[in-house]
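The structure is given below, and queries will be raised subsequently.
Letters A, B, C, D and E mark the chains as written, and numbering starts fresh at 1 in each.
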Amino acid sequence: MKSIVRLARGVMSRNWRRVLLGGLSIAVFIGAWQAYSWYLNANDYGYAAYIPYPGEVAEAFLDSFVTTDATGLLMMDHIFASLKRIFLGFTLAFVIALPAGLLMGSYQTSEGLGMPIVEIFRPIPPLAWIPIFLVVLGHLWGPVAIVFFGIFFPILFNVMLGVKRVDPILIDAAKTLGAGRQHIFFKVVLPFTTPYLMTGIKVGLGIGWMCIVAAEMVGQYGGGVGYYIWAMNEFSLYDYVFAGIAVIAILGILTTGVAGQIERRLYIWMGMK
Amino acid sequence: MKSIVRLARGVMSRNWRRVLLGGLSIAVFIGAWQAYSWYLNANDYGYAAYIPYPGEVAEAFLDSFVTTDATGLLMMDHIFASLKRIFLGFTLAFVIALPAGLLMGSYQTSEGLGMPIVEIFRPIPPLAWIPIFLVVLGHLWGPVAIVFFGIFFPILFNVMLGVKRVDPILIDAAKTLGAGRQHIFFKVVLPFTTPYLMTGIKVGLGIGWMCIVAAEMVGQYGGGVGYYIWAMNEFSLYDYVFAGIAVIAILGILTTGVAGQIERRLYIWMGMK
Amino acid sequence: MDGDEVNIRMENLLKVFKEDTREIVALKGFSLDVVDGELVCLLGPSGCGKTTVLRIAAGLETKSGGHVSVSGEEVSGAGPNRGVVFQEFALFPWRTVRKNIEFGLEIKKMSADEREAISSKYIDLVNLEGFENVHPQKLSGGMKQRVGIARALANDPAVLLMDEPFGALDAQTRNLMQKELLRIWSATKKTVLFVTHSVDEAVFLADRIVVMTARPGMVKKIISVALPRPRERTSADFITIRSEVLQVLEAEFKKTMMREMSDGGVEHKA
Amino acid sequence: MDGDEVNIRMENLLKVFKEDTREIVALKGFSLDVVDGELVCLLGPSGCGKTTVLRIAAGLETKSGGHVSVSGEEVSGAGPNRGVVFQEFALFPWRTVRKNIEFGLEIKKMSADEREAISSKYIDLVNLEGFENVHPQKLSGGMKQRVGIARALANDPAVLLMDEPFGALDAQTRNLMQKELLRIWSATKKTVLFVTHSVDEAVFLADRIVVMTARPGMVKKIISVALPRPRERTSADFITIRSEVLQVLEAEFKKTMMREMSDGGVEHKA
Amino acid sequence: YVVLDSNDGDGATNVVYYTVVPPASMKGALAAGQIDGYIAWEPFVSDSVVGGVGKVLEWSEEIAPNHPCCVVAVHNPFVSDQEGQELAARFMRAHMDATDWINAAMADKESAEYDLLKNISVEFTMRNESVVEEALQHMQFRYVMDDQFSTALENFTGMYMDIGVVDEEKIAGGGYENVTDFIDHYVNESYLGLATSVEPSDTILNPDSAIRLGFLLGDIHQLAQAVASSTDVLVNGKSMFEDYGLNVENAIGAPFANGGAVMDAFAGGYVDIGYLGSPPAILKHLNAEIDTTIVAQANSEGSAIVVEAGSGITSLEGLAGKTVATPGESSIQFLLLKMALQWEGMELKIKT
């Protein structure tokens, strides 16, 4: 009993400490922001409007969810538009990169054939394709293709890495237990590669977010949070620009959070945590 | 003697194989491209001009280095403009992220204070800042700041990770050899973290490239390869758009190549390879 | 033992590894017969080819010359009639204890019920009741190797090939596992070829101890251990045999040392 | 040996680890004196607190009660007058052999020339000539531990604390290193406290063998090894002492086993 | 710093440096001192003037009186059949009515129509009333395409040929004898003609396939489109488009960022009729062979060079060595700035 109390106290104090430090740091951050806005306004800087007060941003944030904007959409519509693109791009990347990575990791011939193409496309920032994809692939598949290019390579490379790192002794063990090529592939290589795949997915989703925002800012595909930021900037509604940025930050946190959760569950299920 | 001949033959045949496969795959790629362009043109697609022939792109590529474009610049000028931004952004990110990562990796208090701020900014795609930075930071520091945000987090997180992974037994060993806090920091923690730092730099440079191209495309600024692509697209000179994309691909390969070389040298020097 | 049937027959094995320009002759003229139900220990200096012998018998490594047959069949590739236990345990980390043990049975397309019956039997045999649904990461080294043994046995192989299976365990756990192995062996009556570095272990376990020469490996001497089991490490007979083996080994060890010194002193990477 | 000066004095040591809610009493009433120039081996079942004793003496771990002094000074924190050799070698991978050995000297702000003179001396002592500029990764386990020993000695400490320094080495290398240690010890005349799992090793090396009880660790029995060096593992005297130690240890080992079984059988993670 | 801003300090007396900045950011960049001036269209000019940040150095009518600016273009495949032509004619009629209505409202600033015009403008541009009122003063809303219009377009084409983004081959490749011939073909007044006979209709001609309309975000030059879409202008509660039996909707992607984006949308096949600047309409048609025709003018004039309100710059010479932001080389504003400077014997160079 006594020790439980002590434990509870220990955990509490550790959490308290973290909450306190976190709160302090966020308070300082918001305070600094408020002060900077105030300073710009008080001294009549012509660009004071570009740094709205935190309070204004909070208001704009809430408003964007209940009032339609100049494009006739609610924030939720923009969010769904962006999510749809991410989802399609991710699915496409996953469906192609996973088998490609497994193949290129397993066979030197596939690697020899695939790598030159990969090496041509990989260093090209996906956004460079915007002008072309917008027209050739259209307003749905254009941005999806850009997201695809952002997510594809991290998944591909991580899966390849995973396949190459498969502990040869595990393959030996499987062989001595009677496993053939197919068994080895499905029962050893694939499970071994899963954590690498998850890493690829996490990295890829981060880049995917970056791509979709930029794609929506540069090309106009109809809605999307990136488009929202661009449009609000065109209208000089900077509190709404910041609200859009906040929405992206929150969505980014949620996406990687969900990926992290899935990863954790998977690891627990696979006995790796 | 005999075995040397055999070895040479083995190496040759392996390299030959790779060259052959690589050549084959690139030939197929260029063939497919050529066929696609031809197909679009032959069938009078409205966007046939957006997919120029490989030969046209090659011509435009060469031309861009010797003939000034509509902006009065040569490709080299654009390359230097982009490199300058990458360089400044990278330097800034490095100079801030390295000590911040060391600090936040070493002390729970710094981590508790720093992480909330980091977690606010990290999920925001750097490009979302363009409308704000363009005004508040201007045409030099605006894009530099965007590159900074792209490079900062990979370095920060890798350095933090490195510091946390320092093998405690190495610190114990250092202590028993008379090392104090400072010695441990400079002679154990710092060298231990170096490979992690290098990983952060490599990842960061990749994202940095992506950011600068996008920043130059969205924010425009004047000069830079991303800007070049944007401008050529505005002019509908798609062979030059592709030439710009090719330049970026080559620069990307070079940048990561150089980073990889530095890493390899460093590892050899540190006895890790 | 002479009247018994030979189970593992290795004749005049040759194994040459090609490494860039160098050719390493790992085995040359290695011959050994292991009789049905026998427990033979393979001892020899580091790098003499013990692992290579085992891997060739397992079918995990091709031979450059000679013959190997197990239960009368020429070995060509790995197969479930030879169970292998690895020093590194080689458990599938994403599978539970039970699922590891059932791996070979899954490949045989056995029904879930049959699999469970068999795996339960071997879980009992190696004393892992209660750990069926635990993943390897949660187990101690000794427990991991029990899983390794159970997994190899579950396929009901004719022979067990064990490559320093207790090498990664601490001294006490090692002693315990030796006793466990003998118990399991006497319960299953498998033919066992057991590689070890430890003279003590060999004398404690083996019907016969095969001491190999330094590279290229061949049989230097075969010492029969006629002691009744369970054996006492402190008994006089035990110590006599131990000393005999040590002396044979010492000579080969010195050869290895000399060569390594002349090779530039770098042994192999740790 | 009674007349000699005591170098390491441990009196009534208590060590309690707090782990979440549990408190683990690792040491309780552990007392031991090690005389100047003596080589004492610490033996005991897994988890009995051997490492803890060593780490407290090294100043890497705080004690919960009792006293430790080395060369008459109360221990408070790690310091260069006690050299430590770790089972994991704990070499700095980014430093060459020479640079590893010079680590402590750099901290003393010694000039490059002086450093080189000293490191050369110890490189010779541990037979690593020619490997000065090689990084640890390129070395075999035995060579790595030679560097570990040279590094500890370079600081010219009063005592050497060694925690299973040869535990990660294979049997033959281990034997070789034991001989090397004795050679170095007799050349430097350091006081050595040496933790091991191996009875054989303890009997081969020690002036006195301290056998510890199962947790909470305290001294169960001290056995003097009065054999002349070099010792023959196959000699009758050697075997007699070995048997004596084994018996004492066996009893304690059984206690550990019992506890582990009742703990649920999970030993510790490999 | 000198090293970083390599071409900032050469202090040539006849060189003006330009950067490319999205117009929405120009006011802020000027206020923050990132640029010394800019050239943009309305309402980005009045934004600064009303906001007290900038003052107009030169209106575009001073540079090129009556210069055409935005136009209405159709995707040729859209008007390839009878129905498409009928729809385009009706659209033209709405465009003309809306333009006439705007001009009438502007003529009487006391009228209710003027108030309504202001409201529509405020909603369309998301600017406040004073900015809108100021902006409306400095452009001409017109649909007629006269000789002056054609000559100006020829002139723009010529300037693009001068800087090398359009070459002779493209003109010849399009089957045109010369630039004049090209503009003659590219500009088609016939829909304006057809429009005169269009009558209001009670039934929607294209109920199932709306005309997909492209236009720029908040561009007050394209106000006619906003007026024709508004249901507040006519007394019958219909919009002008509806009144002429048209089903018009915003194309996917609309409102667009710039004229280039509208042209890309034509190429991609998801815009039927679009409002955009004349230079991108010319450039992209020639270089990317996008199958479009200019069918009406939307406005002329309406751009200006703006400098900091408190700066001592009072003439183009005052811009020497300074940095002026433009919307990009393919914009009409860039051409206007280049023209203005050329007449002063000055040069325009990019700032890197």
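Of note:
Convention: a residue touches a chain if its C-beta (ideal position, glycine included) is under 8 Å from a C-beta of that chain, and two chains touch if they have at least 3 such contacts.
Everything numeric in this text was worked out from a predicted model, so none of it was measured.
Fewest steps needed to get from chain A to chain C, stepping only to touching chains, is 1. Top contact pair of chains, counted by C-beta pairs, is A-B. A straight line joining the Cα centres of chain A and chain B is 18 Å long. Centroid to centroid, with C-alpha atoms defining each point, chain D and chain E lie 85 Å apart.
Measuring from the averaged C-alpha position of chain B to that of chain E gives a distance of 38 Å. Multi-chain contact residues of chain A (touching two or more other chains): 47, 50, 131, 135-136, 218, 230, 233. Chain contacts: chain C has residues 137-138 touching two or more partner chains. Residues of chain E in contact with at least two other chains: 22, 24-25, 28-29, 31-32, 267-268.
Across the complex, chain A meets chain C through its residues 167, 169-170, 172-180, 183, 187-188, 191-192, 194, 270-272. Remark: chain B residues 17-18, 20-22, 24-26, 29, 47, 50-51, 109, 112-117, 119-132, 135-136, 207, 209-211, 213-214, 217-218, 226, 229-230, 233, 238, 241, 244-245, 248-253, 256 touch chain A in the complex. Note for the complex: chain B touches chain E at residues 46-50, 67, 69-73, 77, 80-81, 84, 88, 131, 134-140, 218-224, 227, 230-231, 233-238.
Taken together, the chain C residues at the contact with chain A in this complex read 58-60, 77-80, 82-84, 86, 88, 90-96, 103-104, 106-108, 134-138, 151-152, 155. Those residues of chain D lying in contact with chain C across their complex are 45-46, 130-131, 137-144, 168, 170-173, 176, 197-200, 233-234, 239, 242-243, 246-247, 253, 256-257, 265-270.
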